[in-house]
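Given below, in the form of structure tokens, are the structures.
The following pair of complexes shares a single chain, chain A, combined with chain B in the former and chain C in the latter.
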Partner chain A sequence: MVMRAVVPLLLLLPASRGAAQTLQVTGIRGVAFGPMLPGTSAVVSRTDGSRSAQFDIKGTGSGRVVQLQFTLPAALSGPGGAVVPLSYASADAGFSALQSIASQTAFDPRSPYTATLATNGRGSVFLGCTAQPAAGQAPGNYTATLTLTVTYFP
Partner chain B sequence: MTRYAALLAALALPAPLLAQGVLIAPTVVFIDARTRTASLMIVNPNEQAAEIEVGTLFAYPVTDSTGQLVLRTVEAPDSTLPSAAAWVKPFPRRMSLAPHAQQTVRLLVTPPPSLADGEYWSRIVVTARGGQLPLSAGADTGGVRVGLSVEVRTIIPLLYRKGRQTGGIVVSALRAQRQGDSLVVRAHVERTGTAAALGTARGELIDSTGTSRAVFSAPVTAYYSVDPRFTFPLDSVPPGRYRLRLEISPGRQDLAADAIVPFSAVRDSVTVLLP
Partner chain C sequence: MRLRQTVALVCLLAAGAARPAWAQTSGSTTMTGTVLTAITVTGSDLRFGNLLSTQTKRVAAAAGGRFILTMAASAPVTIAYVLPASLGPNVSLGAWDLRSNTINDPATGSTVVVGSTSGSFTASTATGTLYLWIGATVTTSSAAIGSYSRPITLTVTYN
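Moving on, here comes the complex of A and B:
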């Protein structure tokens, strides 16, 4: 059964009871690559407020501990098997309990990271990466899927 | 426009993405053997339809060498592990949620008839995929375009209980060490009851006059055993000799009291020298 327009009712449930606890994970934006030249790597920093990927976590209650784990695409896939390789450095991901891009704790997106959400149950995750188009990169549609897994530890 | 210029133009555009993801309630599912069923509410709060898939796996939290909680996943749990993953069936398993719609997912448990009393574990995996994202078009009609989709996966615990459960933990190897402007506390916590221990650790640093100089509180979870790491700031604590007291008691701020199998609080203490 699918019901509409009941989100506000769910959010009004008391937060002090376990049965009313909620967890919301939202992908806000993907990585936006800026101008790049064929054959020249393009780097997006996790602290870039308009180009880094951002995920928001919103829970009820305080002191929640979650594990963050990315499934990272190795490349953007294009026409005829053409790819634009992507790479990730050890500090390319960041977590901010304040949900501020200016106040992040860096972590390696290639490994699981355990984070404690803020007392209001919130936090944000940011990701940057590097794209490496070849000198002879073919034109076409290039796509990839970025996955963030959030595991709640009770 | 050359192919290189077209690629440049396309990659210069921001990757389009409408917000994707879902809201889940509750965040821990407890199921009793007398009812063998529970409900999970999944809400799509966004302006874009979402494709949802609900699955199960067997996993439980452990701590790594640094004391961080990590999820240990067992792909094919054998009979020695208390896995309920194979018995839990979500209905529906797949769904499409319109913007601002919600769906109740019923979780039915069909355990083996001869199942012994105890607590059995699973994890519920909710995967949310957005619709097909529009690709950024290049300035020319050559159609060199780029897009990045986002998938969000949320994993929450399910605990299935049959019969009367007992709770209990033991704490050992309490130690503490100053690291920069913080005190890092480590301990070994082992579950002794039949149910996972869901508790809260409270630490206190006491000076020679008996005055509390710093405190911390943090959730503790022991499915088997864990070696958690607690940290509390020493900003206002001068060098000297202190007593660190640690207490772990049942109960959690984020869980209903009647969902927790009670256990006797345990306490330990150790002398700490702050240089």
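Moving on, here comes the complex of A and C:
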């Protein structure tokens, strides 16, 4: 009698699980400083449509709450091991459920941020920052990797 | 009793399992920038030499002052100049003559039109070096004896 009662309930478990969550983060573009002058700071705004970084998020469900966490590089790396320091301000990142650079809510990229995706499960994250080449900075091309991690809250 | 406990446990498990599954993912992009070569400007004087108290004397660009500019190769720059209108009282300057070349040869250089005592023009060199020569006409009119000088200023910026 005990076994009969328990087994049907256990068999129901797989059917009652939440739907599998799919979550996709796509790096659309990185921060592009372009030409930089030695000794002169280069600033890219998160609202710059061609030079700011952009990530697109595609999830399932409507209005899901997610946590955004950047892995921010401390510097751009260049020729011969030369580096250009990077700095981030408290409003250098922005989230847009509408995926519009013109409609962002600013947040501090240095801390995790909780955002709500749109009803279609989408959203975009933008980032700007400041590069500070030294007066004697070696000329050449510099790069760094920027990563955004998105987590569905269980 | 045992059935109640089991059912309660299974219900709890089922309730927990009904919550959305946890998910996490990452995406990356590349940040880029190019540090340009620092611009340098060095110069040698435009010398008119000795003049009479009243005289007109011309020094052609090829024999005049010279600027040497170094910059990033093939990077367009704006070169702004400010030229003096005189060297002092009764010592006027005019008819400025400016030539440029990517090699150190004024004879094969190009003429840069100088409309007034201040202006600007754009330039770009494949070598990253640009030579400028500058000449002018000086006119003295009952000028006092002495030595006269005024600065010529070039300001070079990347576009």
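The criterion applied here is as follows: the second predicted complex is superposed on the first by the 128 of 154 C-alpha atoms of A that agree within 3 Å, B and C clash if a C-alpha of one lies under 4 Å from a C-alpha of the other, contacts with A are read in each partner's own complex, and residues count from 1 in each chain.
The rule is short, and it goes like this: a residue touches a chain if its C-beta (ideal position, glycine included) is under 8 Å from a C-beta of that chain, and two chains touch if they have at least 3 such contacts.
Here the structure is a predicted model, which is why all the values come from computation and not from measurement.
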Open item on the list: Quick one: is A:Thr114 in contact with chain B, with chain C, with both, or with neither? Answer first, second, both or neither.
Closed with: first
Open item on the list: After the superposition on A, what does A:Ser90 contact: first (chain B), second (chain C), both or neither?
Closed with: neither
- [ ] With the two complexes superposed on chain A, say which partner A:Gln24 touches: chain B (first), chain C (second), both, or neither.
- [x] both
Open item on the list: Between chain B and chain C, whom does A:Ser41 touch in the aligned arrangement: first, second, both, or neither?
Closed with: neither
Task: Partner chain(s) touched by A:Val150 [first = chain B, second = chain C, both, neither] - done: both
- [ ] May I ask you to decide whether A:Thr105 touches chain B, chain C, both, or neither, giving the answer as first, second, both or neither?
- [x] neither
Open item on the list: Just checking: does A:Pro133 make contact with chain B only, chain C only, both, or neither of them? Give me first, second, both or neither.
Closed with: both
Open item on the list: Can you give me the overlap between the chain B contact set and the chain C contact set on chain A?
Closed with: 1-2, 5-6, 10, 13, 17-38, 42, 53, 55, 59, 61, 76, 84, 131, 133, 137-154
Task: List of chain B residues in touch with chain A within their complex - done: 3-4, 6-8, 10-15, 17, 19-28, 41, 43, 45-46, 61, 68-71, 95, 97-98, 100-104, 123, 128, 130, 135, 138, 142-157, 198, 217-219, 221, 252-256, 259
Open item on the list: Touching residues of chain A toward chain B in the complex: what are they?
Closed with: 1-7, 10, 13, 17-38, 42, 50-51, 53, 55, 58-65, 67, 71, 76, 84, 112, 114, 131, 133, 137-154
TODO: Using the touch definition up top, name the residues of chain C that touch chain A in the complex.
DONE: 2-3, 6-7, 10-11, 13-14, 17-38, 72, 75, 158
Task: Of all residues in chain A, those that touch chain C in their complex - done: 1-2, 5-6, 9-10, 12-13, 16-39, 42, 53-55, 59, 61, 73, 76, 78, 84, 86, 129, 131, 133, 135-154
